[in-house]
Structures are given as C-alpha cells and as structure tokens.
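In the two complexes below, chain A is the common chain; its partner is chain B in one and chain C in the other.
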Partner chain A sequence: MSIPKPTLTALAALAVGLGGLSVAMIFFVAPVDSDQGLTQKIFYVHVPIALTAYAGFGLGAWKALRLLMTREERYDLESYTGVHQGTIFGVLTLVTGAIWAKASWGVWWTWSSDQLVLFLVLFLFYCAYFMLRFSIEPGPRRERISAVYALFGVALIPVSFFAIRLANDFIHPTVFTREGPQMTGVMFAAFCVSWVAISLVAYVMYRAELAGKRTDANLRELREALAS
Partner chain B sequence: MSSGEKYVAAAYGVFLVVILLWAAILAAKLSRLERETGELAVLARSRPTAAGPGDG
Partner chain C sequence: MNGYLGDVAALARKDLKLELRARDTLPAMVLFVLATLVVFHFALPADAGDDASYGLLWIALVFTALLGLARAWAPEREAGALDGLVLAPSDRSAIWLGKTLATLAFLAAAELVALPAFALLFAPLDLGAVAGVALASLGICAVGSLVAAMAAAARGREVLLPLLFLPLAIPLVVGGVGASIADDPSRYLAFLGLYDAVFAILSWAAFEYVVTE
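The block that comes next holds the complex of A and B.
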C-alpha cells in the first residue's frame, strides 16, 4: 500500500503556517544576541536559505546521476528544476549575506573570506549550467551533457560548506561546531523551525515548478502531434 | 527605525519579495498553460476523425 502524497495546497498552507510561527519565535521568543544585537536575527533566514541552496544543487546532481544510470528522460527535468531551485536560493543567500555583512562588518562583500568566495564560485558554476543547457538542442545529448555538468558541480558543495572549517576564516562566523550549535536552546529551536519552513517553501516551489515544466513539455509534444 | 532594524527588515523583505515574485511567475505560467490546453482542445476537436478499418 502506498502512502498518498499530501496535496500541494496543504503543503503550501503548512509552509505559510510554519513561516508565521518561525517569525513569531525569531522576533518574540528568541533573545537578542548580546554580541551582534538585532542584526543577528538575519542568521535565522540567511543560514536556512544557504542550506536550501545546497540542497537544491545536491538534488539536481542526484537526479543527474539517476539520469546517467537509468537514461530515464524524466530525471532531466527533475535535475534542471533542482539546479534552478539552488540558483534562486543561491541569489537569496548572496543578497541576505551581503545585507548581514554590511550590518556586521560595514562592507557588502569581502574577498578575504573563503566561505563567501567559495559560495560565489559554486553559484557561478551553476549559473553557467543554464548557458550550457540552452546552447544545446533539446534531446538525449543535451540531457547527458547537462547531467554530467550538474554532477561535477556537486563536488563544490562540501568544499564550500566545510571551507570555513578547513581554513582559518576569522571573518565569517562559525555557529555549528563539533561541540554543537553555539547558541541557546531557544535560538536553536527558532532556527530549526525557520529551516523547516524555508525547506517546505522550497519543496512546494519545486513541485509546482516541476509540474509546470512537465505540462509544458507534454503540451509541446501534443502540439507537434496535432500539427503533423 | 534604527540602522540594525533596517538591515533586518531588508533581509526578510528581500526573501519575501523573491518568493512572492516566484509564485507570481509560476501563476502566470499556469494561466498560459491553461490557455494553450484550451487552444489544443479546440484544435483536436476541429480535426477530422480517422476512419476505422470497418468504415466506408
């Protein structure tokens, strides 16, 4: 017996509800950080967005691997949608990060932070995915080349994620260490709720976008069949 | 509004605006697909039906 998938509307409603709860927890329950003050509240939106961007790129790579293993056409659209998700959340990571940097360090961007530069490299790598994809005629060749490219990019994810731990980066803060999260329990709870809410928003957008792309592809085929 | 409050509002505002814009683009795409489906249905109905093996 298969478990029925929850409808997109129910998931979207849940995402909105969790979003409201996370805003309430961030601004009315979680204490103001003694070091950074109010600007630390950006952490609750910036970090979950960055993690969602990594998840989007990771999903794109996983679906690309599935395509290369099975040659099933559907994985191409799923991989493309995953990379698209990662790119949108990547833009949001860079913008919210720049706002936080300006508030905390007084600059919008600094090239001396490995974490920032490596994330930018990862983001630009996946931006080039779209240039590559749309420079090739649709078909199995495009699917395979796009999949190989998406798969190569996944190697940059752990490098970007662990860069701050591998290098002695004193500019970008490290909140999650081997000893656990460096924050109070209430702050961590607010972060987790925000993370779940943003992940759910991303999942809803992924499914909606994928459904749109699949319908678009089916309509194109139908139009061609009717025209012949 | 203090400087810190402005930055916090900007970060959360950017996220909200991008998500709403994204949802609006998806909604626009959905209405285009709906229109195209209707056009294809009209086209399919206007085509002469293929004759079966026993016809004529």
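The block that comes next holds the complex of A and C.
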C-alpha cells in the first residue's frame, strides 16, 4: 500500500474535531427550521446515524461475501464487527427516530413511515445474527453460516422496502407526509459535516473493536499453544 | 441434469418415506393449524370483520410452517446422516432442493386441511388468496429449509429458528395478506413470485456454505 494507514489515535482525534465542528454548525450556522423549529436539529444527527448503520450492515455483508469467496479467516471478524457497528448505530437510529417522531408527529412510532418500518425489520434481522453466531461452535462452519446470514440481509433490504410500500396501500393511508421544506445550502453543509463526523466515529469504533477482537483471538491462540 | 434432478427426487422421496413411517411431523402440523384457528376465533373480537381473520390465517400458516421446519433436519442430525449426504458425490444444493420439496409437500398437505377449515369457520377464500398461499409456501420452504439448516448447526436450535426466520418471512406475510384482501391481487402475487425467485436462487447458491465443514 502506497499511502500509510492513519493511526487510530489520529482518526479518533479527527472524528472528535469534526464532531465538534458539526455540533457548532448544527446549532449556530444552520438556520432554525421555519416549520418544525428547534426539533428539526435532530435531523442532522438522526439521518447520518441511520446512513452509518446501513453502511455498517453493508460493510458486514461485503466482508461476508469476501469470506465466502476467498475463505480467508480475517474477513469473519471484519464482517462481524461491521454488523456489530451497524447494530449499535441501529439502536441509536431507532431511539433518535422515535424522539424526532414524537417531537414532529406527536407519536413515538408510526407504521406509516416506510423508512422506520424497513429499519425495524432489518434491525430485527441483524439482532438474530448475533443469536445465530453465538450459538455455533467457533470454527470455519460458524464463519460461513454467519456470512451467509449477513448476506441475506442485503437481499432483504430491497425486498422488504418493496413489501412495506405494498403494505402501506392496505394497512395505512398516508397520514403524515415527510418533512416539507427542502434543505438550504447551509443546512446541507451542516448535514454533510455531521454525516462525515458520524461515519468517522463509526469507522474509528470499527477499527478499535476489530483491533481488540484480533488481539483477543491471538491471545487465545497463544494460550492454547502454551497449554498444549 | 437428469442426475441432479434424480438426486433431488431421491432425497425428497426419502423424507416423504420417513414421514410415512414415523408420522411425527405432518399430524402435528395439521393439529397445530386447526388448534390455532380455534384459538384465533376467541382472540378476535366479535366485530373484527373478515379482514382481521385473513391476517390471522397468515400468522397461523407461518407458525405451522415453522413447526414443520423445526423438524426438517431432525432425521439428518440425529443419525449424523448430513455428513454422509455432504460427502456423497452429488451437488450439495440438491440436498437443499430435496428438503425444500419435502417440507413444501408437508406444508401443502397441512394447508389442504387449513384452508377449507378457515373458509368454513371464518371467511371465504377466493382464487387470489389460494394463489397467494401457494406462492408464499414456496418462499417459506425455500428460505425456511436453508435457515433451518443454519439453526440445526447451532445450540438451542428450536429457539433460534423462529428468530432467524420471522424477519425473512415479513415480506411473505405482506404479499400473502395483500393477495387475500385486495380487490386486484395481481400486484401482490407478482411480488410473492419475485420474493420466491430472489430467495430461492440465494438459498440454492448459499446452501453449500452452510453444510460444508
């Protein structure tokens, strides 16, 4: 590799800096939404977190595909860590989404929002991933079964989205419309900075978790080598 | 190709034969779906209407399928026969296809009892609803037999299988309920067909990775 990988510490510092910048932009630069007022600010946090969660699941599935193609063991931990980060940000997405829904629609949850329901289905799916993974003995079999399951999630996203759109026709009339006003340039800039910051936080967490898990696995191998 | 289909037929026939001799899955599925329908009668308020009962029919079908899927790999697991099948000189996906066809046969048999019972006890079923059940059963068995093979490799498989399967079954329930209650079920049937195609191909391709060591 020609470009050296930045160290984790440097990335973490950058993530903190960008996080601070995005908070400043959200509250002091971006204008207060004329329709929703101050509560609209959660948009700058909620949407990037949701996109990051999708990215985590996507990364997990991509690494799972690599595992199945190459059978290299390291992709297993990478896939697992990706899904894990996706789930962590998934919890945050559901929480911030519920808060936003309560503030702007008056309810904690609404089945008429496609994005919410899709996210819940996907979240349930990937929660079961952990149940599956931790009830199989570690080894190549577990790696491959986990990988196949993680890959199914990617197929489930478009199929579920389509299904939820269909379901809305008979379960719910559309009562709430998605937020009205388009973003202005400044709002979009604040959104982008926040998105980059949160993605970077996720990436730092991913790298840190991966490093920890790798160390753990190496330590276990050493211990087994010493014991035998 | 003849050899591949021959393998599939032999594997499916093996499951049907086992069931004919032991009868430990199909009677349970039939009784379960009938008992569930009776429970649903008491779970529904008197003025709930037909639409609600169609929804409950779908819940009953999904859970009946789960009951069958939980037993699907039991014969292979108990005697370690899966290792033998994996070692056999045939394509591994044939094992999945054979199991899918066998579970589909069980589910279809249970539905042959459940649908007339439902029509008799609750609400009439039209052609769209029956087509929806047929298409959804295909998807349930295709995905279900793969997921059941995953769960069979794990500890606590009886608990695990519903957790793995239900999120994947949500689109099927959407399509099935839509086909049962909509005036024009064609869109929902097309969606169910799409689901079947996507997940059958995926399961067919992925099965090898699930069973090989």
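Keep this in mind: the second predicted complex is superposed on the first by the 201 of 228 C-alpha atoms of A that agree within 3 Å, B and C clash if a C-alpha of one lies under 4 Å from a C-alpha of the other, contacts with A are read in each partner's own complex, and residues count from 1 in each chain.
Just so it is clear, a residue touches a chain if its C-beta (ideal position, glycine included) is under 8 Å from a C-beta of that chain, and two chains touch if they have at least 3 such contacts.
Quick caveat: nothing in here was measured; it's all calculated off a predicted structure.
With both structures placed on the common chain, the touch criterion links A:118 to neither chain B nor chain C. By the touch criterion defined above, A:68 reaches chain C but does not reach chain B.
Using the contact criterion defined above for the overlaid structures, shared-chain residue A:201 touches chain B, although it does not reach chain C. In the overlay built on the shared chain, the residue A:131 is in contact with chain C alone; chain B does not reach it. In the superposition on chain A, A:141 makes contact with chain C only, while chain B stays out of contact range. Contacts of A:156 after superposition on the shared chain: chain C is touched, whereas chain B is not.
When the shared chain is aligned, no partner comes close enough to touch A:55: not chain B, not chain C.
Across the two superposed structures, the residue set of chain A contacted by chain B and also by chain C is empty. Of all the residues in chain B, the ones that touch chain A in their complex are 2-5, 7-8, 10-12, 14-15, 18-19, 22-23, 26, 29-30, 33, 36-37, 40, 43-44, 47. Those residues of chain A whose C-beta lies close enough to touch chain B in the complex are 23, 37-39, 41-42, 45-46, 49, 88, 91-92, 95-96, 99-100, 102-103, 201, 205, 208-209, 212, 215-216, 219, 222-223, 226.
Every residue of chain A that touches chain C in the complex is listed here, in rising order: 68, 121-122, 124-125, 127-128, 131-132, 135-136, 140-141, 144-145, 147-149, 151-152, 155-156, 159-160, 162-164, 166-167, 169-170. The residues of chain C lying in touch with chain A in their complex are 146, 150-151, 153-157, 160, 163-164, 166-168, 170-171, 174-175, 177-178, 181-182, 187-188, 191, 194-195, 198-199, 202, 206, 209-210, 212-213.
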